[in-house]
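Next come the structures, one after another.
Shared between the two complexes below is chain A, which has chain B as its partner in the first and chain C in the second.
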Partner chain A sequence: MEDLVAYFTLIGFGPAGWGVPLARAASMTVAVSLSAFGVGIVFGMVGCWAKLSRSVVAHGAATVYTTVLRGVPDLLVIYLLYFGGSQAIGAIARAFGHQGFFGLNGFVVGMMAVGIISGAYQTEVLRGAYLAIPRGELEAARVAGMGRLLMLRRIIAPQILRFALPGMGNVWQLVLKESALISVVGLIEIMNQTRLAVGRTGAAFSFYITGAILFLLITTFSGAAFRRAEAWAMRGMGGRVRA
Partner chain B sequence: MKQFDFLWDTFLQLLAGVPVTVSLVTVSVVLGGVLALGLTGIRRTSRPGEWVVSAYVFALRGSPLLVQIFLIYYGLGQIEWIRSSLLWPFLREPWWCAITALALNTAAYQAEVLRGGLNAVPKGAIEAARVCGMGRLMTFRRIVLPIAVRQALPAYTSEVVIMVKATSLASIITLFEITGIAHSIVSETFRAFEVLSLAGLIYLVMNFALTRAFRRLEIHLTPQSRSRPVERPVSKA
Partner chain C sequence: MSKLASLAIAVVAVLPLAAAPALGKDWTTLKIATEGAYPPFNSVTPDGKVVGFEPELLDIVCERAKLKCETVIQEWKGIIPGLLAGKYDAIMSGMSVTPKRLEVIDFSIPYTNSPSTYAVLKSSPLLKALGEDKRVMLTDDAAAKASAAADSKALAGKVLAIQTATIQADFAKTYLPEVKTRVYETTQEEDLDLKAGRVDAIFASASSLVATLEQSKGEIVLAGPKYYGGLFGLGSAFGIQKGQPELKAKLDAAIKSCIDDGTIKKLAEKWFHVDTTPRQ
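Entry: the complex of A and B
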């Protein structure tokens, strides 16, 4: 009982509590995950287009992209972007006569790294969704005289969104969990904030379990949101979706 | 030439991390597999058992592996009775902490993979086995498990690949596997592109070999999908 009181004082919003920094860190996790998810969708769309295109070069490039990014540890990709980016900027700066190590912004690096990684998964999700559109509907749209853009807007995009939602939900969960790795480049999200709190207080178990609970809360609530979105997207389709 | 020497030297240094990565993967996947079998057993015994296992799977799949590693490596030391228990000499070591975290984590995922495989076993096959007079255990051993394993194999392959990638997190708690070595070379030489790309290449080759091997196993376990040997025409002389 005493332990519980001590725990809640530690993570609470009182003067001795870490509630405010933890809440701020949780919103940082959500913010960086949302941005990375957005970047991933852009990469996924380009990748999907390339994989479906008839151009050998585009198809090959997309295959290399998805194979490499899904076969290499995420931590390595984050390091590559962070240290490699600093290396590149350092080289440019040296050409202009500056010296020293250039650190990059953790938020931008993390967003890009996790975005590029999730884009590889997003590519496959979107491709599967595109292939799930009945061919007859595309032909019908052509016959009805729709141009490519109109067809994309009215027939393809809405259907891809519907078929891709479950897969996108999985990618979102992946992004959320990968965002914890961004702590290695110094962004103050849940993982890093709990580490700082542990460094100050020494209460390692209390804070790391709190970090885990915060992640569980975010994954649970966003998972429920995705299920509602699925139910909404499938409305009127006959099939029943767990709401 | 100097450039090539550096790359070759780095490559050799990184190769030294391969055994560490491989043993991390093997030990944790095997331990996790045993644990997953146990979890599946508990899940099938009773309602409360089902709840407990579902809660375990939910917690382990819903939080990042990095948090779980930190919780075990740094967090367990805060608890008095663990520090005075027999397990403490193990849980003090980064190696065993990484193994514990990876095994507990993959057990949750493997339990789900196994569940999918078990659900795919046709009811008729089980009934037929019972009718033939097989007991519950023998039915499980001869009929259910082989079909379930075959069904679950593709999902199992991707789980092992994910584990290979996940071992890179062990570098954060000071283990010198491939990523850990790469990181230390980068901080000494500042040549991030070359070093990290080489490390990535090693992971790619490992995962490629792994998926190839599992693919072979899949084909081996699905004899009915193999092409039949060509029958020679019998001459009717």
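Entry: the complex of A and C
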């Protein structure tokens, strides 16, 4: 009982409690994950278009992208962008006579790194979803005289969404967990904040378990959101998914 | 396309110039990186303030060097790459001056020099086996080797915890090659595993072990000889990019005045319970 009181004092919102920084760190995790997920969808859409395209160059580039990004450690991509990126930019800028600091913002680098990595997975998810659309429907739409945009809006996009949502839910969980790697760029998200708190207090179990609970809360809520979205996308399809 | 190509060629052609040292800079502001998880050197409070020996010393150094200083928190793993990438101007994070680090960065003169030693559980037989608290200078090669041999004997069949990329890790590799070691990312992990019994002793700098001892409430104690000099270098200093003589001169002068007037002794006794003023 005493231990429990001590625990809640430690992670609480009192003067000596770590509640405020932990809450701030949790919102940072959500913010950077959401942004990275958004970037990933954009990369995934472009990648999916390129992979399905008849152009050899576009198809080749997309294959290289998904193969490389899914094949190298995520931490390496983050290091490359954060440290390598600003060294490269700095070197180019100095070459043109500029001096001083050329930093890439930690949030932006983290968002881009995780976004680019998750984009490689999104590419495959979206491609799979597109290929799952019955060919007959596309042919029927063409025969009915639909233009490409109308066909995209009425036939392709709604069905891609329906088929892709479960896969995108997986990618979202991946992004959320990868956000912990972004702590190396100095962003104070859940992982980094718990590390700092453990460094200060030595209460490793209390803080790491709290960090785990925070991640679980986020995944639980977002999991529920994805199930609702799936139910919505599947409406009228025989209710195979329950909210 | 040809315009783009010529631009690319121009960039590639002048890239080597970028490696040349920057021209003399008039330093008025300074961005400093710290790990923020290495008490009592530096640690972060719930309201995000960095406290410890280093931030207090930094305030005085910056005032004497007439610099406006800003501190950023950076994980230890990426702290030198961050400096090289220009994320900040200096590192103040209990970083020892070593020949290996000198290959990539420059250092100010040291502001603290703490011995390296062992920490064990109070109940451990190693407390006796590692022998008495004596001063061993690595510059005295014979004495250092004899002492390390005695340590190796005491540690036979035991596991020693060391932190990755530290001079203590280099020491273990060079002087204690027969001792089984486990490498850790942070000092907290070492403390936890010592308590959990996964390792039998920690080898680290005495000043970084202060936090371990305090947090353990008497459960963990120091043991064995205290090693100085040689491989352990001159102590901790500001890490700066190469080719910044103006910055080095400014920091050196401010540190020297803090050594001379006893400021460092006062701060070290407050935070480390031992005077760690560097002496040449």
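The working rule: the second predicted complex is superposed on the first by the 233 of 243 C-alpha atoms of A that agree within 3 Å, B and C clash if a C-alpha of one lies under 4 Å from a C-alpha of the other, contacts with A are read in each partner's own complex, and residues count from 1 in each chain.
The criterion applied here is as follows: a contact is a pair of C-beta atoms (placed from the backbone, for glycine too) under 8 Å apart; a residue touches a chain by one contact, two chains touch by 3 or more.
Because the structure is predicted, anything quoted here is derived from the model rather than measured.
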item	value
Clash-or-fit label for the pair chain B, chain C on chain A	clash
Touching partner for A:V64 - first (chain B), second (chain C), both, neither	neither
Partner chain in contact with A:L196 - chain B first, chain C second, else both or neither	second
Which superposed partner A:A23 touches (first chain B, second chain C, both, neither)	neither
Contacts of A:A212 with chain B and chain C, given as first, second, both or neither	first
First (chain B), second (chain C), both or neither touched by A:A132	neither
Chain B versus chain C as contact partner of A:L181, first or second or both or neither	first
Which superposed partner A:R94 touches (first chain B, second chain C, both, neither)	second
Partner chain in contact with A:S86 - chain B first, chain C second, else both or neither	both
Segment of chain C intruding into chain B (one of 117-125, 189-197, 243-251 or 261-269)	189-197
Contact residues of chain A, present in both the chain B and the chain C interface	79, 82-84, 86-87, 90, 101, 183-184, 195, 198, 202, 204
Chain B to chain A touching residues, read off their complex	58-59, 62-68, 70-71, 74-79, 161, 164-169, 171-172, 179, 182-183, 186, 190-193, 196-197, 199-200, 203-204, 207-208
Complex interface listing, chain A residues touching chain C	16-18, 20-21, 79, 82-84, 86-87, 90-92, 94-96, 99, 101-103, 183-186, 188, 192, 195-202, 204
Complex contacts: residues of chain C adjacent to chain A	11, 14-15, 17-19, 22-23, 25, 31, 35-39, 43-48, 72-75, 77-78, 81-82, 84-87, 186, 188, 191-192, 211, 215
Partner chain B, residues of chain A touching it in the complex	67-68, 71-77, 79-80, 82-84, 86-88, 90, 101, 173, 177-181, 183-184, 191, 194-195, 198, 202-206, 208-209, 211-212, 215-216, 219-220
